[in-house]
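In the part that follows, the structures are each spelled out as structure tokens.
Next come two complexes, and both contain chain A; in the first it sits with chain B, in the second with chain C.
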Partner chain A sequence: MNQASSVTPPPTRMSSSPLKETAISIIWLLCALFAVVTVFFILLYLVWDGLPLFNEYGLWPFLAGVTWSPTFDPPAFGILPLIVGTLLVTAGSMVVAVPLSIATAIYLSEVAPYRVKVLVKPAVELLAGIPSVVYGFFGLIVLVEWLRVTFDAPSGESMLAGSILLGIMALPTIISVSEDAINSVPREFREGSLALGATRWQTIRQVVVPAALSGITAAIILGMGRAIGETMAVLMVTGNAAIIPSPITNVLSPVRTLTGTLGIEMGEVAIGSLHYHALFALATVLLVITLIVNLGASMILKRLNARATGRAHAGRTVLESIFRHPATSAAPIALVALLVVAVIGSMGGPYYAGAALLVVAVLALVVPRLSRARSQQLAFLLIYAAVGAVLLILAIILFDIISKGLPALSWEFLTSSPRDLGREGGIFPAIVGTLCLVAGSIAFALPFGVGAAIYLVEYQRDNRLTRTIRTGVDLLNGTPSIVFGLFGFAFLVLFLGFGVSMLAGQITLGLMVLPTIIRTTEEALKNVPQSLREGSLALGATRWQTIGRVVLPPAAPGIITGMILSIGRAAGETAPILFTAVVFSQRYLPSSVFDPVMALPYHLFILTTNVPGSETNKYGTALVLIMLVVAIYAVAIVVRNRYHTTMRL
Partner chain B sequence: MSSNHPQITIAMLATAIVLIGALLVAGCTGTGGTATPTPTAAPTTLTTTAPTTAAGTQVTTTGTTVAPTVTATTAGSTYIPGASTGKISVTGSTTVLPIAQKLAERFMELNKNADVQISGGGSGVGVQSAGEKTAEIGMSSRELKDAEKTKYAGLKAVPMARDGIVVIVHPSNAITTISLEQIKNIYTGKAVNWKDVGSKAQPIVVIGRDSASGTREFFTEKILGKNATTASMLEKNSNGAVKSSISPNPGAIGYVGLGYIDNSVKALNLSVNGTEVQPTTENVVKGTYPLARNLYYVTNGDATGLAKDFIDFTLSPEGQKIVEEEGFVSITRTA
Partner chain C sequence: MATIPEQIIETRGLNLWYGPCQALIDVSISVPARRVTALIGPSGCGKSTLLRCFNRMNDLVSDCRIEGTVSYHGTDVNDSAYDVVELRKRVGMVFQKPNPFPKTIYDNVAYGPRVHGEKDRAKLDEIVERSLRRAALWDEAKDRLGDSALGLSGGQQQRLCIARTLAVEPDVILMDEPCSALDPIATAKIENLIDDLKEHYTVIIVTHNMQQASRVSDYTGFMYLGELVEFGETLQVFEAPKEALTERYITGRFG
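So, the complex of A and B:
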């Protein structure tokens, strides 16, 4: 499948001229290069606007300084606490998300009966449909307060709150990608293992999961990317104090992330000041961190692949069985266990730490010696608990929003303009604005995205150029949405003079969803069997004829799914449009793309943070936003289910 | 693969693209009509709301119903209602946004052919937009910075409202009065427990605004002077967020604008040189409340046309009445 069409000889021409074929392939190449050019342009633009800070303040004081007080005299622009904050919150979110999501993915793919599965899977996808402003809002009101009371802390606004919230937000990504990976493990592997007398759990742990490991790792990286780049939710719950927690394992300490700093300071800063340049320098650092995470992750991925394929298990010592036994997962588990012990220690003192250590040690000794049936029972119990936790989280969030938002919903609310700062009246212009932004962003991203994917899959599979393009797409995918917002503001709004306008917002959102479209289209194209292409080429069709008439049609449902997922993502985002496209109110609907628009996520953000007494309409807006996104996802799910079988052929 | 399957899926893809295109054209540009705002969408909106709100005077389908009220309330001001047309953009400080929004709603009721668009973003965005003339009016919760004045020589800041900054705590907190010195000790990290400032023993959770906020800058200048804020202060990006963090937290202290005070938080009296000053509109007007500041409209050069009309409306008695209704203090009011 991978060596693909580069080995297929150029076919004899029928109706299409070689010139036309070349022209078409160049168009796709340009589409693919667009992604790369965009990434480097964004990076360049950020560095360019950050440069004055490095010149005046110096690189080392910027990176290693421990004080961030940009408006103090003299100002201090040390971002070390922000970097540490970002890393801690992200690491914490993975501790929350990885066990829950892998367990859920295993449940969905290996354990759940079909009837339960068709209910649980959309529920998980629903989590992805909840916009980040809504998460932030929920986190601030419910989660933070719960943490404060539970741990008897002065304040619940902490690294832990950020980690939990980001962990929840990363769940759907990790679950759905891991589940796909597990599903694609060939049936024969399972049958072989079961036939040899292994239990279902043994099969899962030692055959299925290792075989799907590269996909699961990719899922975790994607989830991590989502966590690092998240802005709106995290800035509402972490407290934003620019300090390094002391001790570093004190999860109840407030922290401040790089994205949070951009989100709260970008709007108020005097443009052109040193502080302004500092924020761009900070955005550059954020981008570089995502770059390092992505590169590091792909290296890990390669190594794990090598490990998962070639290791047989023989007799081993107890110590070995702790670290090696499930060859690929014990080391991280041990690491997490130690972390948990450290965290418990920092929260409760040495006695608690000792007790926790004892529990971990007992578990490590006892678990490998359980009988096969017992260990399967234990494992399935844990899996059920994880799935239960995920569903419970969803239920709590949905119940909160639906119960409080339902009273606001009425025909008037959906069809009239807001009055009295949105406390009264409806959200009609915001609904229209969101639809316009989304439609424009897709119209912008779809041609580029599909074109790029066609080039990557059909014309070139693996050489230096495609690797560069793929890296560019990956980087674009890992780029935090607030960075797109920053770029859109500096380049489109100010430099190109679009002003705060629908067009600026559409392009910014379009850039943001471009990698999603490229990736899903690539997957859809790869799923089309190679034999179809060969058959078509053998009959004398040209490459473009083959693509247009043989490859694209069966790939269309996959492409549409990707498109719809992008629509959902674009509809719920606040950060990219915050500085580029939105107004709080408008008398008329926009009359051209150079007019600003109202948008649901922004409306919700302003109601939440700036309009006291808008309780009912706030929840109503949140509910409408969720319903809109969920409706869009529902269409995607229907398309996927309807064409799933025909896609695989 | 069945032979007609490709046609189905190609048709689907095509339909999806066409749908998007249609949406874009119909939804975004079509309904608005031409650039001059005489849109088809606005009447639709009004007629649908008319049945439910017919009793109120907020939404009316004709201009005549509103007219009597107008002449009554704006009599005597320099502002002449009904004559303004066109479209302006007002952008900037999120502190000023609620007032400007209410003003715009009323202004557009009075002037059926005017379109005033309000957006947030922050004081920096407001000043920049006015300077670059991407917006007719910028909103700012701070004075113009020297750098901004140098960059845009024509910038003018018009005070349009006054705001008092109120120190708030949880309602259960025993404290009722606090001195500027005590606030300073709390925000510099010298006082970390409520018993240090004469309340019941409990760790203090210090909450403030983000470092770019105009409110924070003002607070720092008035209270802390040259002293650095404690690094463990929780930073919030809006008045609303500060209040939401304090109302459930017994140990918290923070500061918000006058308009945000309600019974979910407790507003502290300030003790100034031994006298106790309540955070009220009256005291801000009298000048006895020390934490008061101006909010500004920023224009590049003198405002003209609709922008001038809107500023005049803001400064008219009716405009300033709306300022007070939103919990801020009128700029024209004197003690």
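So, the complex of A and C:
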């Protein structure tokens, strides 16, 4: 472009043949189709492998049966306790996460001075970067023990532990999506409200948050999706007893989730047995639940988008009408308060419940009578407290792992093989294995992902096909990682005969990060101003010339950021490689892609759950894993800041 | 010359910086009560910045620094003890682009009284009706008070924003190029409205449009590069400007 004015190229160089253009566009279309086809293929494959169970055992006994004992004679495959367990843990996690996240999002976008904001935001992103197996490790060693001592319970492995841990893990998702929603409320609304003499808090509560409510709703649903689909952390702290807690408010009861069941039993099941098919049927149920949740979120976000661009007079969501109607606006708060009272009552007895009820009643009487200035002070105080809690959680996790992990780090630890089941020796093969898995998965996903995004943004912006593709990408994005693992096991390991191998793990991880790459690339391409494309096309450049020379260069930092994020995600994941690629102990490095590998997250998982007396090496492994992932994310943040891309981590 | 009206807003030696850039230089102006005062001048001359000093909207700009005084009824509004919320209640503002909240028409107008503690439905109904009538929007809006304000036309939205401002019963209404996003018919309606408003309110309007300034205002201030070059009765400023710069701008030789 820059040289176009000084050098006049001969016409033949600019006009490339139409055949080549068509061929290129078909390549991108195929990439995009690959994404959709994969989703439907995964779905069909799971259903197909689950079908024998429905035929032999029946759909109703499966969904409504209260006993899950697959190894008894006769076996029972009732997943009701598992569904209840999933729902309870998820609901509990939202009680933990929603108030903290919304307060933090409000703080970040409305209250925080710039200098504090640039410190808090990376902290929240760091929380997102910690691998789930590390959360599980921390939960099992610290949180569960703390609960056991505090509540004098026989074991801390409980619904409460799962809820707290999942709540922490859902924080970053809810915070970042809500913050985006609040940020996108036009500045004019704030100015309009302040200019009328409303206080800052009144403006936030009555104008900004209501205007952002759809986005916040979507954020909560996305956080829920994350909580439902999480496997490793939940598996490690919930105790995994397949029972329905009694009474249902007994948060110290152990529970077992759908994902946890897959994580525990898939590795030990006899292939082709009824139990095997039951697990696929269970995965189908899990997938359907997450699909519904994620479709709900993306529908809300789409409608929000349509409203923001003035294309539709969108109606309100249920949540919005509840919050906005004066008579019912206090109902959700009252409901949560009652729930808290019930839980406190079931843990501590009627006296505690009475005391809690009294506190709620006093608050309900006092708060509405505060002056405007006082209620602003109170609200900001609560917001500061919530942000403080979020930062404290991060600090505790990091301090615990760093302070106990540092002594384990040594040159020998990083460069030698494990001995005595990992109690002694190092983690070298696990580091190499993780790097190989990540490199392979990106090599597989990057071309498809970038190609699909180019097709979606540059060739077809909006028609039925692209909408189907986008929905496919959304679904793929919301699919729990354990489901990828299951699919990889059944299709790659067994059906294609790869065996438990590096290649199977790479492809499985690649499928998992594909949606991240597609989405970040799409965003990066959309941020390139249309005028650049028009300028290039007006000079007689073809579409592909325009994309290659004018659109891709400024989009490159965004695409690279997306790639780095995917690397971080792939490095920390355990569930997808659990049955497809990893072994616990391996003396030699893999010699081909068909050999199994060791991997850091899996190594940490086994050390934590199966090898007593490996304290130092556990913490050392956790620290190395965190450092690896955080280093990868740090690179992404630097790239993002350097090029001022507006990518969300 | 008519009797000199009381001064409601006064600035003395006002200097303002956005980071390193000085946007206002030694501005001293006395705005008469219950009159329409227009601020004119080329883009970037500081008109809107000056306007935003009057209700301290510049507080929202993070690297903004102010020297000198802005007084409202004789009290310095930049004093740290001054209640900015109270100031903005008394000194209302209408923005360049209509910015109704994504609420119903009724809720938009009732928003101000509500945040100031009015809960009585009957009173709110009355305030809403009175404000909409004063903003000349009642006849068009009375049957659709429960509809979203975003469904109104641009001109209607701007009158709604004016009604919203009136509903908190301010003394002063600041208007920052209120017609620049509107068509000529909507503009004429707003101009008529401004004429009616000065019976009860002090209006300060920033405008790019010199015909508009001469049509609606009693006093005019001409600003250039952050300085208030000339301030006086509109007739005098337009017919017999004292400064050469003003004359050149008004006759269209630059700007």
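The rule we apply is simple: the second predicted complex is superposed on the first by the 505 of 649 C-alpha atoms of A that agree within 3 Å, B and C clash if a C-alpha of one lies under 4 Å from a C-alpha of the other, contacts with A are read in each partner's own complex, and residues count from 1 in each chain.
Here is the rule we go by: a contact is a pair of C-beta atoms (placed from the backbone, for glycine too) under 8 Å apart; a residue touches a chain by one contact, two chains touch by 3 or more.
Note that the structure is predicted; figures quoted are calculated from it, not measured.
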item	value
Chain B versus chain C as contact partner of A:Gly58, first or second or both or neither	neither
First, second, both or neither for A:Gly192, with chain B first and chain C second	second
Partner chain(s) touched by A:Gly354 [first = chain B, second = chain C, both, neither]	neither
First, second, both or neither for A:Met266, with chain B first and chain C second	first
Dominant contact partner of chain A by residue count, chain C or chain B	B
Touched partner set for A:Met236, first chain B, second chain C, both or neither	first
Chain C residues within the chain A interface of the complex	55, 57, 60, 62, 85-90, 92-93, 95, 97, 99-103, 111-112, 114-117, 148, 150-151, 161, 164-165, 168
Touching residues on chain A, where the partner in the complex is chain C	114, 186, 188-199, 202, 206-207, 210-211, 310, 313, 372
Chain A-facing residues of chain B, complex	1, 5-7, 9-10, 12-13, 16-17, 20-21, 23-24, 27-29, 31-35, 37, 39, 41-42, 45, 48-49, 52, 58-59, 89, 91, 93-94, 97-98, 101-102, 104-105, 108, 114-125, 127-129, 132, 134-135, 145, 147-148, 151, 203-205, 210-214, 216-217, 220, 226, 228-229, 231-241, 243-245, 248-249, 251-252, 259-260, 262
Residue ranges of chain A in contact with chain B within the complex	67-73, 81, 140-141, 144-145, 148, 154-155, 157, 235-236, 239-243, 254, 256, 263-273, 275-276, 411-412, 415-417, 419-421, 424-426, 428, 432, 435-436, 439-440, 442-443, 446, 493-494, 497, 499-500, 502, 532, 549-550, 552-554, 556-557, 559-560, 563, 578-579, 582-593, 595-596, 606, 608-613, 639, 643, 646, 649
